[in-house]
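Please go over the structures that come below.
Two complexes follow with chain A in common, the first pairing it with chain B and the second with chain C.
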Partner chain A sequence: MSRPGAPRRGIVEALNRTFRHWSLLPAVLVFALLTAYPIVNLLRMAVSTIEFREGREIWSFTPLRNWDLLLADSALGPVVFNTIVFVVVAVAIEMVAGLALALLIGGLTRGKAIMRTLMIIPILVPPVAIGSMFKLMFNHDFGVFNQILGYVGIAPVSWLGSTSLALLSVIIVDVWHWVPFIFLILFAAVEGLPKEVLEAARVDGATRWQLLRRVTLPLLMPALTVALVFRAILAFKTFDEVYLLTGGGPGTSSELLSLHLYKVFFEQNQLGYGALLSVFTIVGVLSLMVLARWLTQRWSLR
Partner chain B sequence: MSRLSAATRAALLGWLMLGLALVVVVGPFLWIAVASFKQPIAILSGTWSFTPTLDNYADVLLSKRSDFLAGMRNSLIVATVSTAIVLVVGTLAAYSLHRFAWARWVTLGFLSWTLAFHMIPVLTLVGPWYLAFKQLGLYDTRLALILTHVSVNLPMAVWLMMSFFKDIPPEIEQAALVDGCHPLSAFWCVVLPLVVPGLIAAGVLAFVFSWNEFSIALNLVSQTNATVPVVVAKFAQDYEIQHGQMAAASILATIPALALMVFGQRFIVQGLTMGSVK
Partner chain C sequence: MASVSIRHVDKAFGPTVVMKGIDLEVADGEFVVLVGASGCGKSTLLRMIAGLEPISAGEIAIGGERVNELEPRERDIAMVFQSYALYPHLNVRGNLAFSLELRKAPAAEVEAKCRQTAGVLDLAQLLERYPRQLSGGQRQRVAMGRAIVRQPRVFLFDEPLSNLDAKLRIAMRTEIRALHQRLGATSIYVTHDQVEAMTMADRMVVMNDGRIEQIGAPLEVYDRPSTLYVARFIGAPSINVFEGSVEGRGAQARLRTRGGQYLLLPAGPQVEPGRAISAALRPEHLAIAPDGSLHGTVSVVENLGHETYVYVDTADGRLCVLAERSLRLPPGAPVSLAPALQALHLFDAPSGQRIDAGEARR
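After this line comes the complex of A and B, so read on.
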């Protein structure tokens, strides 16, 4: 071996010896600096008022002010209510439709691959583009929804501009966007169903309904749980489409939690109160996560 | 109908529902694609017969008022760089957690943290990010978007890569080590080539998420560094809404992600079925 190679070998050896540690380090650093630090900072912001004067931020310690803002925030009640309605209704429809599609397409003898490719298109479209597309389609004067209503003789409806329909319109868009996601997970599970079990049940004279209710659904339970949990989490975070479609309006009739956070932080410039709301949101989400874990564990032990 | 057997009727109903699903899924694209080739008058009248025009596309891509091409450039840089970082950092972390005997609390702590972070609405963190990047002088830079996109996409990459590593029989790696390979070269020459499908899946997903990401880009950068979603949103929000341009911009914004996904679909479905359902 020649001398010039030696230092390089030394580095390689050192890299090898410490491989275990430096392989994990970058990820830990990313999470510490970009997620843990901001969350700690949220706690500090939540008890402060932050103002900008001449381009400098000025922090003052005012814990009670943010609580007062919270109590005075008349939008908060409707926002929480809307978010719950949105998550429950949208996810329920998506689960049923996704399951139906997975079973239908899983039962095809030909054309499964092409159907799958076509079905997952909506997941890939930028949510902002979806919002802007549906904003055109919901248009009162020339949108396709009112055009179809016109064909069956119903007067045009203000989809995005009326308090009673705005949230429903957002749910329609969300269902269109996310049914394919449920479909994709459940379709993989349907394809993996043990054929012998289904065949045995059929030979034993089970009707279609019994087959679905007593054999297929129980076998799909793990996949259904995964799909439900993942989808519910994502639904809870919905922002882009609402921002574009209704901006939360009219009034607060379609304002969801993420949009409200955005408005408090960046439209009302209440960084302190926004942080307090964020802390509550994070605590709420984490308790839901612990609760879900606890429930599924109990449920699987039975 | 009464002459048909129950089975035939069920099959017919099935085909009918599939056809309906297809129309519902693909229909909006067709409608928007058609609208993007219409003149304003044709859009407003809702007619189906019209002379197609490329004016909307020309306006979105070439007009001086439009930031679309600049947005494309920003999106491309942010998505490419953040995806590259996510792949390197995520793959190393996944391998480390999978291969090396970390204490239980390390593995569990790391994975729970990524899961928790993944569940939190990202807008809770955009506020602190905004303040931190202002202090660092990184507000309104592409670097701010790259860093935040890395943190948002890292959990997905770690989970996906871990499930791919788990699929490799441990004997292969042991054989390499027994034959005198260093841990590093065993990883680089033996293990990594086996998880290329996983790298493609994670890479495509990270790129598409970054390309589509809106809520961070909306708040951490202004006009010059805006990404495609922010530009598209602007088309939909201007005081004089330009419907044709809105449709054309939506279609243009969708094409890159769609093309990439069609290419990566096989690997992503593989990863999805491996990780979650098996």
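After this line comes the complex of A and C, so read on.
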């Protein structure tokens, strides 16, 4: 038997050695196509002006123009402020309500499954239906909210039409829509709490409040962090509820970042500036995620 | 320290009655072991004493004071769980200090007690570790420490050694006993392991199917089981049982076994001819002897070093005999067995209750 050709064996061995790298190739390609390319394209847009003339798009490299637009955008300040108020208030209410419901329903001896199923319903309703539904309920003349106010002798309120209430109304809808999401995450965690540890604390002398404060909450902290982070990121990007209920108005009193982006892109046709704003939004969300990662690591180390 | 009284306690889950008329007095400083097969209700009884499980009827008193209505935290008890139930988010120090901090004890006192307890249980090097960084034996010791640091009136143990390997279990058994002798605290200890019960208990309570079968000192229970269930449950290898009916009276009284063999019975008024009974005999009360009245063939010989058990197949099933260490018997060899009649336990056949043939038999 003759000696096999040395170079050929070398190739085979090299392929064997690098096999695991090659096997990543499909995933890398999909990632590049679906994630990396759009982001690169967005970055390119963010430093360009794009105009539509003579049936085609014309790109010109004008990074400073987009910056100028950003600085000159008088709506941006209120929009960022609104978004922060919306995220903080809505998510805080949702977290507290979701946790309370999870603890309450987790403590039931029967009917848990039914309660859980009922709680999922708001998540199943399409956002457009939620928007339409609440628009009717918020109606000044025949909406159910004003009817209830009427029963207790309070004059009808312009839920969606007043600058002071519009954002609050959007928050109410968001809370209704998203409390179940928090509930589901926390309910699973509550159900997974080690029963004997809670019993040990009760025997050790913990009152209900001490049990919650010193055992239950620390044990739920990973789930609380996950729920908070997911919800904060999603709330940061809220669009449909505002678009359907108030359209951001009156004025910019309920306009959130996503809706503002939409207006810049599709009403003002400022694609370059819109892309720049998008990049800032992405950076905002990313920093939330980094914060979250840091928080979860801190908690899992404990 | 305190006594524990359980009076006519019932327990029902919905319509299912799982425990009926439990009575038990645990004296101050006593170490009582509840033992029984899984599902016999021993853990439920312990949890009822702790207040983690409501009782359906009857009364539980700790130190003479009725505690039925008290929350677990108001009963001044400590409990060691099978899973140890350490607080995963607290380190060893935090686990030990938890109950003291809940009661808002001064920091210096908390620290002193934690150090002292850690010293007793050899945990001083582990104070900063978290439960998941500990071995099973270390976790078990932390669980013990969490209980003793509080100096409660009563200690409750729910199968605390079940999750340890055999060697550690035996070591901890001794350690818990030593700790009890040192602290003198009233302790109620649940286990399914009859060896643990025998070795640790001042008194043991054998439970079966939600009832107490027998209460007594370990040797008392071993020597005079009050039911066939207890006779079978206590002792390893387990007791040999012959079923059959009585023939003859007085000195002629004998048991004709289901397998057609005869066992002489000690005379007694309760043993009427024709009565269906079970006779039980521990392995150490059977001897291999050429003139023995029971016959069979050797099945298995177990040499444990300090003792040898021979399993003999007979017409009444497989019997276990404690034999001489020097004995050499090949499987299949025919042997005769001589029962020590004075050690025979008799039980009524349907009820399983002990038949006492009078003190003359002893």
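Everything below uses one rule, namely that the second predicted complex is superposed on the first by the 257 of 302 C-alpha atoms of A that agree within 3 Å, B and C clash if a C-alpha of one lies under 4 Å from a C-alpha of the other, contacts with A are read in each partner's own complex, and residues count from 1 in each chain.
The criterion applied here is as follows: contacts are C-beta pairs under 8 Å (C-beta built on N, C-alpha and C of every residue); 3 or more make two chains touch, one makes a residue touch a chain.
All figures in this text were calculated on a predicted structure; none of them were measured in a lab.
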With the two complexes overlaid on their shared chain, look at chain A and say whether chain B and chain C clash or fit. fit
Tell me the contact category for A:194 with respect to chain B and chain C: first, second, both or neither. second
Is A:118 touching anything from chain B or chain C once the two structures are fitted on A? First, second, both or neither. first
Mind working out whether A:14 is in touch with chain B, chain C, both or neither, as first, second, both or neither? neither
Going by the contact rule set out at the top, does A:222 touch chain B (first), chain C (second), both, or neither? first
Which touches a greater number of chain A residues, chain B or chain C? B
In the superposed arrangement, does A:202 touch chain B (first), chain C (second), both or neither? second
Could you look at A:88 and tell me whether it touches chain B, chain C, both or neither (first, second, both, neither)? neither
Return first, second, both or neither, reflecting whether A:265 touches chain B, chain C, both chains, or no partner chain. first
Considering only touches as defined above, state whether A:257 meets chain B (first), chain C (second), both or neither. first
Lowest C-alpha to C-alpha distance for chain C against chain B (Å): 11
Show which residues of chain A lie in contact with chain B when the two form their complex. 12, 15-16, 19-20, 23-24, 26-28, 30-31, 34-39, 41-42, 45, 50, 57, 100-101, 104-105, 107-108, 115-122, 124-129, 131-137, 139, 141-142, 144, 147, 176, 180, 184-185, 188-189, 192, 208, 222-223, 226, 233, 236-237, 239-240, 243-244, 257-258, 261-262, 265-266, 271, 274-275, 278, 281-282, 285-286, 289
Where on chain B does chain A make contact in their complex? 10, 14, 17-18, 21-22, 24-26, 28-29, 31-32, 35, 43-46, 88-90, 92-93, 95-97, 100, 102, 110, 113-132, 134-135, 147-148, 150-151, 154, 158, 182-184, 187, 208, 211-212, 214-215, 218-219, 228-230, 232-233, 235-237, 243, 246-247, 249-251, 253-254, 257-258, 261-262, 265, 269, 272-273, 276-278
Per the touch rule, the chain C residues reaching chain A in their complex are 50-52, 71-73, 75, 77-79, 81-83, 85-89, 98-99, 102-103, 130, 146, 150
Per the touch rule above, chain A residues touching chain C in the complex are 194, 196-197, 199-207, 210, 214-215, 218-219, 221, 302
